[in-house]
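Below you'll find the structures, each written out as structure tokens.
In what follows, chain A forms one complex with chain B and a second complex with chain C.
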Partner chain A sequence: MQISVNNQTIEINEEMTVTALVKAQNLNTQAIAVAVNQHIIHRENWPEYHFSSGDKVDIVTVVAGG
Partner chain B sequence: MLTDQEYLRYGASTCLGTFGEAEQLKLKHARVVVIGLGGLGCAASQYLAAAGAGTLMLVDDDTVQLSNLQRQVLYTTYQVGTAKARNAARSLAQLNNTIDIQAKTLRVDEDNVHELIGDSNVVLDCTDNLASRWVINKACYQAKIPLVTGAAEGMQGQLLSLEPSHSHGCYACLYPPVTEERPSCERVGVLGPLVGIIGAYQAFQAIRALTGQTTDWGVLHTFDGTRMTWSRFFLPASVDCSHCQESLCKFQ
Partner chain C sequence: MLTIADHTFHSRLLAGSGKFSSAETMETALAASGSELVTLALKRINSDSAHDDILAPVKSLGLKLLPNTSGARNAEEAIFAARLAKEALGTRWLKLEIHPDPNYLLPDPIETLVAAEQLVKEGFTVLPYCGADPVLCQRLTDAGCAAVMPLGAPIGSNMGLKTRDFLRIIIEQARVPVIIDAGIGAPSHAAEAMEMGADAVLVNTAIATARDPAKMAQAFREAIICGRRAYSAGLGSAFTGQARATSPMTSFLDTL
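Right, the complex of A and B next:
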């Protein structure tokens, strides 16, 4: 099935979780937040959270400058 | 009641259909703490002072550097090497001499944060590091004080308004307190007006909150300066959060 990640459409299998997606993207998990369809998914739910076809995923990187 | 001078000064605000004398008076009696007087704090405090926020507490331990002047618009070349808090207070007093402006040259930490924010109506987090952000976030939850936190680096800006005692999450729900520190704006760079955009947005949110108008609590706003786009993300409370869940439990 297809989902979009930061406005790029990608093909994933139905078993993919947020944890697997973040790992596949080779991201620093502590420095990001993940939102699906504009709702932040807390990291304790990442291992069990499965995507649905057409989901819009946004990976937001922490910004801390002032 | 507003004075004649205040009617003249704030007339462009009070003629708004949704913002009248009552709202201006709420602002006049408000106490706002701005922590961090870099790019965000300069922009936010400038608009709050101009708008007539009655008492402004300005907090920063730093001095003005030449490399700050590209985006920190309250300071001048002649103030390099001197305390930001004092300079900001002086500059804002020239902008609006009818409000009370207090300056504290110190770094916020767990030991002093409660005294700093104690009797405020809203806190603006304009700091430049994650450690301070978690300290401020936790203290605001414990003291039940609304918090408007902003951040900017590179071409990216973020803003999150948090109201204690509610269903949405907090800053530590979004970025847990184990996240590594980010490099400074001097190292990663930042386009000057970006901090103005986010700082002004913080002031806007604070004014709305202080005057009882609808505010986007618990919504992360992100600005991508490379695409000129804004996005919104809803932040639910995290049951595992060591900050807000623990703080809320203490008051239940």
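Right, the complex of A and C next:
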């Protein structure tokens, strides 16, 4: 199935969790946040959270700013 | 001492972390500034680009984090950004900024108030960046904001306190700390803000883009201390009319 991650469409299998997605994206998990369809997925729920086709996923991190 | 919400700071200088040429330069400048509260931004991750590890140098200095909602164009986006920031950093402190116009980056007062009201309800400690509007600052205070952050001039302009007459009113009426944000381009601007009675200033561009950021940070640190000390001492009244003698007006010259 397809989901959108930070506005880029990707193909994933139905078993993929947030934890697996973050790992697959090769992301540093420190200080990141994940939202699906604008709902925050708390870190403790990453291992159990499965995506649905068409989900819009936002993954953000902290950068320098004023 | 500066108290915002339930937290007390020794420094009245809030520092921004943007625009530094390197993480090392930023860390050195932040250390020299003496600041205890530093702003950060949020960004969607691009897995193709190098990870910007801003947290390591900030954490090494033991600074309190103040994520912002820069990039938000309305209240809905800002509230979403705030929730993401809380999840990413584990802090409820937030610099709320909403500027829909990319050219002037002026804050939207209506969206800012709407977002502030919601975020306060959600338990955030909200520090809103706003125009130098005394009525708006009162409304943001009524909404439960922990401080107000009126601008001195547009973001990154280094123009100084172009809004000074309105800042004076905001300070006079303040029931929460007033932090002058944006436009402060020189230590003299920061000193002026503190002499006026501002509780703190936030500086980013002027330090980050200086030839020697650490030295500039030190200059701001000293200027803010001096400005606050002058405010505490009580500045003499300024007169715009006749001169007022500082020596006795004797007539001895007439007798020569």
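What we mean here is this: the second predicted complex is superposed on the first by the 62 of 66 C-alpha atoms of A that agree within 3 Å, B and C clash if a C-alpha of one lies under 4 Å from a C-alpha of the other, contacts with A are read in each partner's own complex, and residues count from 1 in each chain.
The rule is short, and it goes like this: a residue touches a chain if its C-beta (ideal position, glycine included) is under 8 Å from a C-beta of that chain, and two chains touch if they have at least 3 such contacts.
Just so we're clear, the structure is a prediction, and the values are computed from it rather than from any experiment.
In the superposition on chain A, no contact is made by A:13 with either chain B or chain C. Judged by the touch definition given at the top, the superposed model places A:59 against chain C, while chain B stays out of reach. Set side by side, chain B and chain C differ in how many residues of chain A they touch, and the one touching more is C. Residue contacts after overlaying the shared chain place A:25 against chain C, while chain B stays out of touching range.
Contact with chain B, but none with chain C, is seen for A:44 once the two complexes are overlaid on the shared chain. In the superposition on chain A, the residues of chain A touched by chain B in one structure and by chain C in the other are 28, 30-31, 33, 35, 38, 40, 42-43, 58, 60-66.
The touching residues of chain A, when paired with chain B in their complex, are 28, 30-31, 33, 35, 38-40, 42-44, 58, 60-66. Residues 36, 38-41, 126-130, 133, 150-154, 156-158, 169, 173-176, 178-182, 184-185, 188, 190, 195, 220, 222, 231-236, 238-240 of chain B are the ones touching chain A in the complex.
On the side of chain C, the complex with chain A involves touching residues 16-20, 26, 39-47, 51-55, 67-68, 70, 80, 83-85, 87-89, 155-156, 202, 204-205.
Put simply, chain A touches chain C in their complex at residues 6-7, 25-28, 30-35, 38, 40, 42-43, 58-66.
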